[in-house]
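Please read the structure below before turning to the comments.
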Amino acid sequence: MSEEQLYSVSSSPHVHSGASIHGIMRDVVIAMVPTFIAAIIFFGLNALILTATCVISCVFFEYLSRRIMKRNNTINDLSAVITGVLLAFNLPPTFPIWMAVVGSFVAIVIAKQLFGGLGYNPFNPALAGRLFLFLSFAFAMSGDWTPWSYINTENIVATTSATPLGMLQESTGSIAFLSNNSNIMNMFLGKVNGCIGEVSALALILGGLYLLWRKVITWHIPVAYIGTVAVFATILYMIDPSTNASPLFHLFSGGLMLGAIFMATDMVTSPTDRSGMLVFGIGCGLLTMIIRKWGAYPEGVSFSIFIMNATTPLINRVCKPRVFGVKGKA
Amino acid sequence: MVKLILIVISAVLVNNFVLSRFLGICPFLGVSKKTSTALGMSGAVVFVMTLAAAVTWLVQTYVLKPLDIGYMQTIAFILIIASLVQLVEIILKKFLPSLHAALGIFLPLITTNCAVLGMAVLAIQKNFTFVETVVFGFASSLGFALALVLFTGLREKIDRSNPPKAFKGVAIALITAALLSMAFMGFSGLVKI
Amino acid sequence: MIETVLTIIEPYLPIIKTVFAITCIGFGCSFALAIAAKFFEVKDDPRIGEVNELLPGANCGACGYAGCMDYAKAVVMDDAELNRCAPGGADLTATLAEYLGKTAEAAEKQVAIVLCMGTNDAAKCRFEYNGIADCRAAHLVGGGDKACTYGCLGYSSCATVCPTQAIEMVDGVAKVHPELCISCGKCVTACPRNLIKLVPEKNTVHILCSSNDKGPIVRKVCTKGCIGCTMCVKLTKEEESVFMDGFLAKIDYSKEVQNKVIVEKCPPKCIIDTTINN
Amino acid sequence: MTASKNNTCKLEACVTQGSTCFQLVACHLRASSASPARRERSLRYLKTYGKRKVKMNFYIELVKGLWKENPIFRLMLGMCPTLAVTTSLQNGLGMGVATLFVLIGSNIVISMLRNVIPDKVRIPCYIVVIATFVTVIDLCMAAFTPELHKSLGIFIPLIVVNCIILGRAEAFASKNRVFVSIADAIGMGLGFTLSLAILGSLREVLGAGTITLWGSGLQVKTFLSKNPAVLLLLPPGGFMSLGLILGFINYMQDLKAKRLGKTYEPPVLNGCRHCIIACGQSTKPKEDK
Amino acid sequence: MNILKAKFKIHGGVHPKYRKELARDEETKRLPLPDILRISTTQHLGAPSKPVVKKGDYVKKYQLLAEAAGFISAPVHSPASGTIKDIVTGTGASGAPVTEIILETNNTSDAELTGVYPTDEWQKLSPETILNRIREAGVVGAGGAGFPTYVKLSPPPDKKIETLIINGAECEPYLTADYRLMLEHPECLIAGIQIICKVLNVTEAYIAIEDNKPEAIELLSKYLEDKKIENIKVSTLPTYYPQGAEKQQIYSITGREVPSGGLPADVGVLVENTGTTVAIYNAVIKDLPFIERTTTVSGYGIETPSNVIAPIGTPYQELIDFCGGAKDDVKKIISGGPMMGFAQATAETTTTKTTSGLLLLTAKEISQFESSPCISCGRCIAACPMNLMPAELSQFCEAEDFESAAANRVMDCMECGCCAFSCPAHRPLVQHFRTAKAFLRAQPKK
């Protein structure tokens, strides 16, 4: 009997859709390829080096921490790769390599593995790494923006070596200039300064469409997020166009697209139900605009998503679908 | 009016009592295991702190200042806060037993919640008027409540998670608090007060 | 005159003011509190708190109440039995009785025991189980993967609920460390196969099998199972401490086994004496 | 033998804290290969711990606060000043010394008055005593170290509500003679100072790249001073560094316990148990269902 | 035209690989009578029947073996003549211990029937007589749960049944037994529906069929048209799992939501399985007790997937041998469908009145569960037809916080398996809920 091959017995269901964490993460990686290409086009070798550093160090820290904790190896689920790429996308092209490694450490070890690894982290690891770097090394994160390879003398935005949002904050560029069509077009394509992965809205949207097509993400968070920003910016613009940039400027500047498509939709740290996702997206949008408009920092995407991450457990408590056959709230 | 709104925004978000001023950490870490208890504690703190703001301002302005013994602030305030808490407890127990049952166990804790005394001292340092002090007290406690409730939600998630053994319990709670506090850094510069 | 007094106390004025003010505040506060305490007094039985202090504070729930405080309340207000606190044991019962001026009979100290010896090499598996590592969950899937439908599944549900970590999984079977057991009975309810019993601590001889199958069936699935040969019953005929329940020999825990030779004589060796085997 | 001695200390720690220590004792009993007689004794100890007075000598009292019952790293007391003022070594030391002073003073007075103060109003009395010492140190610091006084700010008056001081008053000074109470206060105060210094220097080195002992007079710059991780000086850094240190300590303890063949349970914050104030209900938190 | 498209779309649901092509075109075959039948007395939901025979008795085909033990129970009849060898405790399909009557068959046909009613004469019978016949024949729901049909057809007087739905959705992958039944015996099915309509005095009846079975839809609607039956309509449902779940099907067709914890009768609807309907037909018109049923034997692990009529109590091994035997790489034997069926430890288990399928699956087809952490992707929530939050519920269950699970309505879970099917982390969600439900049911009511 014991030599005989035993049948496998488990609880139902006995068949599976075939979806796996690895598959989902692979799709996310694929979706980030256009942005990565755009980053290399605009920022050259630096973008490649930075991304490679972050990915390698993230995977290394993931491996190391799992090893020290004597737990199974999880680098195969590719989540560390995504964290690495996202972290790199959130860094300026001239960012020092050793600092990127520190950021990877914070992202993988402190924000993720200390909580038990993928699925347990309450905050988005890449954002934790980015915010740590941003708050620690403010100068390196925002100081020297001059692109390494891409210098277009016709493009004033590029030569002033400041991000569009930075210029809005410092009021160095006139609002009218920032909001004019050619500038918006540059921002849409990515011919501006900024972190390596956030400049090209076009590439990011392509990736987002791929994710939607593969059903990795749903439309709720990105649409709610971007929509809220658009509505908020439109209202401000209508109140006073001379001090407020146009809604299109707000949509394509800074990390909004990157945040809305890749970071706010991080499954682990966003609400699970559709209604909760809408709340989450709207919250992100409002906070982003509040910080952009009144806060001390030019950009509020990372902070807003991070803050909303903290509210996710509460949103999950409140936003629940109505159970079939139950009148009113469950 | 504008100043009152600014005080509220400042105390709730920008200079959150727990996350950026480090006041009231003990209850923040201690009473954040379950949402129900966190809400009870928040209620008790909001109640007591608002009341304490009013009373301490009155004592400061009408007793300590005229007598020119501002340095006795600490002793006077802690006495007042302690008795106030006791008083509230006695009265609640008599007249609102259900509320007492809900908040009762948290009330004595508030005596040593440094957020209350800290709020009173801060309000005096900032030369707030009476109304401003009361609003400040209320908003600070609201900020405490906000941080506590958010943190409790996170901790309920973390309690179901699987940190390495060495980080189970307080250590991981502190790391979570660090990340939450990092999130709240985003509000900095929103208002200056 | 007054002026002289004033000039004398002049340098000390701040001190006097301070003392005066703080005294006044202190006096005012205590006065207010005293009045409040007097007029708004709500009577609580102080004994509840004191009984609560006497209890061990394990909040294990063995007494059947929600926690130690609830039990204290029940003891003082509703005349609950004094011997229900398992962790406190006989000592506590005596203390409580003394404190409340009552008489109470101490409950016998009991410990949990797992009535199965079907370790990994002794008991066979029927199938390859794929699912949650929890006995209750595994029991619901095809009746558990152990070939013996009575035996310990080994997914340590009892060890998880034990408040004192007195249960350890040894070779796929739960084992109770009696010195740590506080007889709260949580494991008894946790075991889906009802293998765990609370038995008097003084009994040291146990039959560690719960299979009520006939001998050949038992022998097919486990080398350590009771085959119902009734040898132990025959050997203890005079003292009547072992009896047959269907095809399973059981110990009558109200008596003590005298003839310990049954430990040696049992063919599948499923009788143990904890004084020797431990 | 060291193992069992260690465990007895742990038991005593539990006794002084008034906490439930089933888990701890359970671990000890299960893992220790001690003789049955010792096991028996420990069990008896466990059963009667509520009633029996534990006798301890001066030395034990003095040393325990430094590590075994370190108020911050082990007992998790007085977190607010710990996190708030440790932006530099200097601040941490200043805060530690101020607290040490108050602790010694209040422990002496309370221990002396322990038979005089009526039980019902003991907490207000303790608070008044503590507040007095706090005011004294507040005024002293304002006079002699104005800079430090300014940078510690509101946290000096807040020593009043530091759980350590009230906690020691309630749990120790009110039950022990003056002599041991002083030892307890010194031990606890030094332990507190030590922890603050560790935390402060860590945060300063990483967050500012310097080590400052006396103003700018004694400032050492480290390799990080060019690109310090400023975040560590900000509030998140406080939480993070303390969390990491606690985790590290737990890890080392766990390793040590494993070497001795025992199991180690990290300290937990259970309701408001960490705050030893005898506020009636709160010492034994009602378990939520 | 009497084909009706379902109007209402339920939330959730999944699209598993159906693999119905394996057995859908196989004509139903009859299994030769096995030598040994082991007839379980737990053929239905409720109290197990009480054996009325004892060891050594000689029984004839159709003779009563065990009588109903209580209101929610059903009698069991002998599927063949032979000698009772023993009455023992065995293991049922769900793994729970059951009492089995072991019958040694002798293949003689000394059947004993009380009488046969001509097909047209049943119209004259009173509803009570029909009901009584259904009860005595031991008809139970053949879909899976095995609820005694007699009980179902006697709703409390305050609940008026207005609509009858015949569930021919057969949304479980692999299974084709009901489909073959509809194709091969439309007349039995329609007559069965008319009997139920008469018993309940219902005028409106729907035959619910998923739109992946166009032949059945066409055949039945043509049959109804030919016979000019107006009150029965064929309702086509979009194909997705669990379209055959009672509450979801009612919603799809009528738009009515069965309240949580309630029965279809609460919204004036009754749902019967096609197999049950045919069994009713057999009971009332042919006076045959429920002693055999059509079972789909399928999966990549069987040589020739087929639909087989087998007597109750047939060991699975007999069915497997009849269908050409098992292939070497069989990893799992499942009684029922792959989404809700029970995996078997051995092929020794026997068929019952509720065995709709016997699947032999290879390692390629089955899923492997891991208890890896939830990544909160929300797919289970999107898939849950009951609108629950499986991700959160399973975390409560994992932490053994069953009270929170109950507060979040774990009891409303019908264990359809959509959540676990779509979980990328391969979490054993359904098992968590089963455990929680078992725990909560064992708790005394407050």
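Residue numbering begins at 1 within each chain, and the chains themselves are lettered A, B, C, D and E in the order written.
The rule is short, and it goes like this: a contact is a pair of C-beta atoms (placed from the backbone, for glycine too) under 8 Å apart; a residue touches a chain by one contact, two chains touch by 3 or more.
Given the structure is predicted, the values throughout are model-derived calculations rather than measurements.
Shared contact partners of subunit A and subunit B, listed by label: C, D, E. Of all chains, the one whose Cα centroid sits at the greatest distance from that of subunit C is A.
Taking each chain's centre as the mean of its C-alpha atoms, the one that lies farthest from the centre of subunit B is E. Two chain pairs, B-E and B-C, are compared here, and B-C has more C-beta pairs in contact (counted per touch definition above). For the pair subunit B and subunit D, the distance between C-alpha centroids works out to 23 Å. Our note on geometry: subunit A versus subunit E, Cα centroid distance of 48 Å, whole angstroms.
Averaged C-alpha coordinates put the centre of subunit C at 33 Å from the centre of subunit D. Inter-chain centre distance (subunit A to subunit D, centres taken as mean C-alpha positions): 41 Å. Shared contact sites, meaning residues of subunit E that touch two or more other chains, fall at 342-346, 368-369, 373, 428, 431, 434.
Residues of subunit D in contact with two or more other chains: 124, 128, 231, 234, 236, 240, 244, 247, 280, 286, 289.
For subunit C, the set of residues touching two or more other chains reads 26, 30, 126-127, 130-131, 137, 140-142, 145. By the touch criterion stated above, subunit E contacts subunit A in their complex at residues 10-11, 14, 16-17, 173, 247-248, 251, 257-262, 330-334, 338-346, 359, 361, 365-369, 372-379, 381-382, 385-389, 391-392, 408-409, 412, 415, 417, 420-426, 428, 430-431, 434. Subunit E contributes residues 373, 395, 398-399 to its touches with subunit B in the complex. Here subunit A touches subunit B in the complex through residues 69, 110-111, 113-117, 119-120, 122-123, 128, 131-132, 135, 287, 290-291, 294-297, 300, 302-304, 306-307, 309-314, 317, going by the rule given at the top. On the subunit A side of its complex with subunit E, the touching residues are 6-17, 19-21, 23-24, 116-120, 218, 267-274, 277, 316, 320-327, 330. Of all residues in subunit C, only 126-127, 130-134, 136-137, 140-145, 149, 160 touch subunit E in the complex they form.
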